[in-house]
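Naming follows writing order (A, B and C), and every chain is counted from residue 1.
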Amino acid sequence: MPVGGKKQSPVVVELEEATVISKVSGREWDVSGAWNRMFQPRVLSDYSYSGGLGKVAQLDGGETLEYCYGCGKCVPVCPVDLVSEYGPRKIHRKVQTGLDLFASDELWMCTTCGNCLRVCPKGVNMIQIMPAVREVAVGDGKVPDELQGIFEKTFRYGNALGENPRRRHAWTKAAGVPVRVLGSDPTPVDVLFYVEDYWSYHPRGQQAAQAFARTMARVGVDFAILGAEEKTVGDSQRLAGEKGLFDALVEDVTSTLAKYEFNRIVTPDPHAFNALVKEYPKRGFTYDVLHYTQLLSPLIDRMNFVNPINKKVTFHDPCYLGRHNGEYDAPRKLLKAIPGLDLVEMGRCKENSYCCGGGGGGMWLDGFNSNHVSERLSERRVREAAGTGAEILAVCCPYEVSRFEDAAKSTGNEHLKVMDIAELLDEALGGSEGL
Amino acid sequence: MSNEVLVINERVQGEIPDLTFELIGKGRELAQALGGSVSVAMIGDLSSLDAFGGADKVYTVEHPVFGSGYSAQAWEEAVAEVVAVARPKVVLFGTGTIGIDLAGSIAYREKAPLASYVVDLKVEGSDVVAVSQLYGGKLLAESLLEGETVVATVIAGSFPSEAGRSGGSPEVVSVAAPKSLDSLTLRPVAVKEPEKSGVDITAADLLVSVGRGVGSQANIEMLQELADALKVPLSASRPVIDQGWLPKPHQVGKSGKKVKPKVYLAFGISGAPEHLEGMRSSELIIACNTDPKAPIFEVAHYGTTLDLFDLVPEILEKLEA
Amino acid sequence: MKIVVGMRQLADLVEELEVADSGVDIDRDFVKFVSNEWDEAALEEALLIKEQVGGEVVVVALDEPDVDQTLYSAIAKGADRAVKIVGVEEGWTPTRLRAQLLAKYLESEGDWDAFFTGVQAADDLDGQLAGLIGASLGVAHAAVVSKAEPEGPALRITQELGGGTLAESVAEGKVVLGVQAGRQAPRYAPITRIRQAMSSTTIESFEAPEVELGPGPKVRKLYPPESKGQATMLEGDPVEVAEKIVEIIRTKGLVR
C-alpha cells in the first residue's frame, strides 16, 4: 500500500480478442477473457494455504475468512476502502497469496463497523476474524505503540484515558442536579447509569453526561452511578485484540454490579451496550440493558420543551447501536420530538451508515493508521454531513463528539456544530435553567 | 574536624565541566559562612590543574587504573580516600554520572546525610540546608543536613559558574592512592567519544524538539516533516530516545547534548530538570504542551497549551504559504 | 546468570501532586502509584541477558500500593520469581532504608550475580538506590548504565558520562547496576499472560528485618516551586498561534 493512502486505479491486463464463428448458425461468438475466464480452471501457483490463510482459519473466530469466494460486494461498502487500499476481499486475497496478516499494518485498519458482513453472501465475519488475529499479535507483543499505551492504562486504571479512577464522577459537581453514587448510598435504584470513559473524563463528554443527568431528573427517572467503582466494559479493547484484558474487566465489572440492586443498566456508549447485550451473557452475566436513547424515547411525552431549536440537523448512526444492534429509531424519535428541529438524512445512513473510524480500537490508532489513509474516516463523514446543509451534526456515541469536532476543524467545516442528542434535548428542555 | 567544603570534580577526560566551577563558586559561599576553605578533588587526569584558582586546595589522586577509562569503583575508592584525608564538613557532587555513582556510597561510608537534586544550599548555624527538586521538578523539598560531614548532589545550572573561576593559586595536596585500586572487580576498559553522525544538533540555529507527548513513533513523522520544512535537525528528549523512536545523537539533555540554538521549539516536552539542563541557554524557547503546569513553561519565552497535533499542521501550512 | 531486579512504586507524575497536611510529604491518598519507569528498563535489560545466556531473573520490591500488578507484569514478561518485602511502614520510604532492606534480602538470597534497578526515582531525595545498596553490601556498583552485556561469566557495562560520551567497564564478580535505559524499550506484557501469572505464581514474602537507619536529610517542608510564569502564552486557535510562531522564527531570520 502506498504511503499516503492514495487510491490506485485498477490495471486491466487481460482482454485478448477472440471470436469463433459457429458452423451451425454462422453467428460470431465472443470467447475472449472478457466473459468466460470463470469457466476455465485456474492454477493458483502463488497460493499457500499453510502460510497465510490456514493460519488465520485455524484460529477460533478466524474460520470464516476461508468462506470468501471473492465476489467483492464488501469492498464498496467498506468505509476504510474509500480512503485507502484496504478492503475485506483484498485482505482475503492478500492473505491467500502469502500476506502475513499477523505482522501487517493492515491488521489494525479494520474498525469492525460490520458493513461488509451485512452484504456478504458467505458470512465472512471480519468482526471475529480481526480480533482473533489481533489477539495472536498482541500475545506476541506486536502491538502499535499507541494501542499498547491504551491497554496498559485500561488495565491499570480501568479507563482508556489513564485518568484517576477516583475522579470518575468529577463531572457530577457541575451537573446542576444531584447524582447519586451507589458506593455512598447503596439503596436499590431503577436505572444504573453506566457512564463509561469518555462521558466520565473527556471535557465534551462530561457536558453530555451532565445534560443527560438533567434530562433524567426532569423526566423523573430514578438513577444512580457507580462513581469510582466503575470500570470500562471494555468492548473496544476486546475488538482491538486484548481479550485477556476484556476477561479481566468482565470479572471486575460483574462483581461490582453484583453488589447493588438495580432494574436496568443505561449507557450512552454503544460499545458498552454491545458488550453488555452480546458478550457478557456468553460469560453468564445477563442484564436488562438500554442505550440512553432507548430509555428516553418512550418518555417524550413527559418532556416539556421550552426552547425550540430552529436548526437543520443531520444524524450519524453509531455502528454499534445501528448496524450491530438494529436500533435506528430511538435517536431519530428524540430528534424529531424537539420543536423546530429539521432532521435531514445523509446519503449513507441507517444500515449503510458510514463509520466514524473509532470502533474496534480505531479510536486509538489514528496516528498509526495515518500513513495508510488519504483522510480520516471522521473527516470524510463530516464532509458528508456538511454536504446536507445541516448546521448541527447530532451524535449519540461518546467517541464521536471529539472525533467529529476535530474533523470539522481539519476539513474547514467549523460552522458544523457537533452535539450529542443528550445536549440537544437538554438545551430544548431549558438546560441548567429552572431545575 | 574542619569546616572545609570539598568539591568533587566531575571530569573523566576532556575539559573541566562548568558544573565543577558552579560547585566551587557555591562552595566558596558556604565556606565563608562556615569559616572554612574550599577544596577540589581531582581524580586521575590532572591536566588543567591551574583552572582551579577559585579553590584553596586541590587534592589529587593518581593511579595507572585511571588511564584505562572510568570505573565507578575506582573513583569511589579514590574519593573516599580524599574524604578521609580532608575530613570536610561538606562534600559537593554534581548530579551527573559521577555524582549519581558516588554520592550515595560515599555518604553511606561516611555515615553522612545526603541530599540529591539540590538547586539551593545555605548554612544555618553549623548545619546545611538544601533545597531539592523532586518529582520531576513538580515539588521542592527543603531539608536539614546535620552531622560532621554532609553530602549534596547539585543539579547543573543551579549556580553561576563565574564565581568558581576566579584566580588564585591553590595548594596542591597529593593523596596516596589507596591499595584497593589494585584489586578492582569493576575494571575500566575504555571511554568512547560520541560517534560522529550525520546530524549535529549542537550546530543548528533552530531546533525542532519532540518529547513524550508525541505519543508514538508514527507521530514523529509529522515533526520530522516540520523539521524538514525548516531545514533543521529534529531533536528529542530522553523518553523519545529510550523508546527507540529516534537515534541517540538526537538527544538533548543531561545524558544527551547541550544545545544553544537561537530558537528552540519544544513540542510535547514537559521539561524534566535533566532536559532543561541541556537547552535552557537557548536564546529563545517556544514550548507547546497541553499541560499548562508543565515545567517547560518556566524556562520558555513563549508557550501554548494547544495540542501539538492541531498546531504543527498549521505551522507547516504557514511555512508552505 | 542470576539477576535480581529491584522494582518500586512511585506516585504517577501525570497526576497533580498535593502536599499532605504534615507539609513534609505528598498526599498519598489521592495519587495513583505506578511502577518506576527506570526499573522497567532495568527489568528489560535483565530479561535480555537471560535470553542470551540463560539463568534466572528474580524481581523484588517493597510492599507498596499496587505493587502486585508490577510484580505480576514482570513475571508475565519473563521473570522467574517475584518477592515482596513486607512489614515496612507505609509512606515515603527513604532510599537508604530501601537499600538496607534490599541488601538484607540479597544476603539471604545469596547466590546472585547481579542486582539491577532503575538509575533513579523521582523522590529519592537521600540518594540513588544502586550506590546505596552497593555501599551497604560492599559490592561494586555503577549507575546511568545504558547497556549490560554478558561476556563469559562477567558483564560488560556501558555508562553514559554525559554529552554522549560512554564509559565501558567490565564487572568480574557481583555487581549492582542503576539502569538508565535498556538496549530496547520495555516489552509489552499481554494481559492474558499477566492474569496467568496471577493464577499460577505466588509472590514470595520476605519479612522486613530490623535495620538501623543511618543519618539522612530531615525534610522541613515540601512545596511547589513558585511559578516564575516566564512564558508569554500565545492565545488563539491553531491557525493564529501557528502564525505567531512562524512570525517569531522569521524575525530571528531563521526562515524566509
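The rule is simple: a residue touches a chain if its C-beta (ideal position, glycine included) is under 8 Å from a C-beta of that chain, and two chains touch if they have at least 3 such contacts.
None of these values were measured; they are calculated from a predicted model.
Asks: What chain is the most remote from subunit A, judged by the mean position of CA atoms in each chain?
Replies: Chain B.
Asks: Considering A-C alongside B-C, which chain pair is linked by more C-beta pairs in contact?
Replies: B-C
Asks: By C-alpha centroids, what is the most central chain here?
Replies: The most central chain, going by mean C-alpha position, is C.
Asks: Between subunit A and subunit B, what distance separates the C-alpha centroids? Give it in angstrom.
Replies: 49
Asks: In whole angstrom, how far does the Cα centroid of subunit B sit from the Cα centroid of subunit C?
Replies: Computed from C-alpha means, the inter-chain centre distance equals 19 Å.
Asks: Would you mind pulling out the distance in Å between where the CA atoms of subunit A average out and where those of subunit C do?
Replies: Comparing mean C-alpha positions, subunit C is 39 Å from subunit A.
Asks: Out of subunit C, which residues touch more than one other chain, so two or more?
Replies: 238
Asks: Hunt down the residues of subunit B that sit against at least two other chains at once, touch-wise.
Replies: If we look for residues of subunit B contacting two or more partner chains, we find 243, 310, 313.
Asks: Return the residues of subunit A touching two or more other chains; collapse runs of consecutive numbers into ranges.
Replies: 409
Asks: Which positions of subunit C touch subunit B when the two form their complex?
Replies: Residue list for subunit C touching subunit B: 11, 13, 16-17, 19, 26, 41, 95-96, 99, 119-120, 122-132, 134-136, 140-144, 156-157, 159-175, 178, 180-181, 184-185, 214-225, 227-234, 237-239, 241-246, 248-249, 252, 254-255.
Asks: Can you tell me which positions in subunit B touch subunit C when the two form their complex?
Replies: 12-14, 17, 69-73, 96-97, 100-105, 107-109, 111-117, 129-130, 132-147, 184-195, 205-206, 230, 238, 241-244, 248-249, 251, 254-258, 262-263, 265, 283-284, 286-287, 293, 295, 297-306, 310-311, 313-315, 317-319
Asks: Where on subunit B is subunit A touching in the complex?
Replies: Its residues touching subunit A are 215-219, 221, 243, 310, 313.
Asks: Would you pull the subunit C residues touching subunit A in the complex into a rising list?
Replies: Where subunit C meets subunit A, its residues are 14-15, 30, 32, 34, 66, 69, 187-188, 190-195, 238.
Asks: Under the touch definition given earlier, write down the residues of subunit A that touch subunit C in their complex.
Replies: Contact set of subunit A toward subunit C: 138-139, 141, 143, 148, 151-152, 155-157, 162, 164, 166, 242-245, 247-248, 409.
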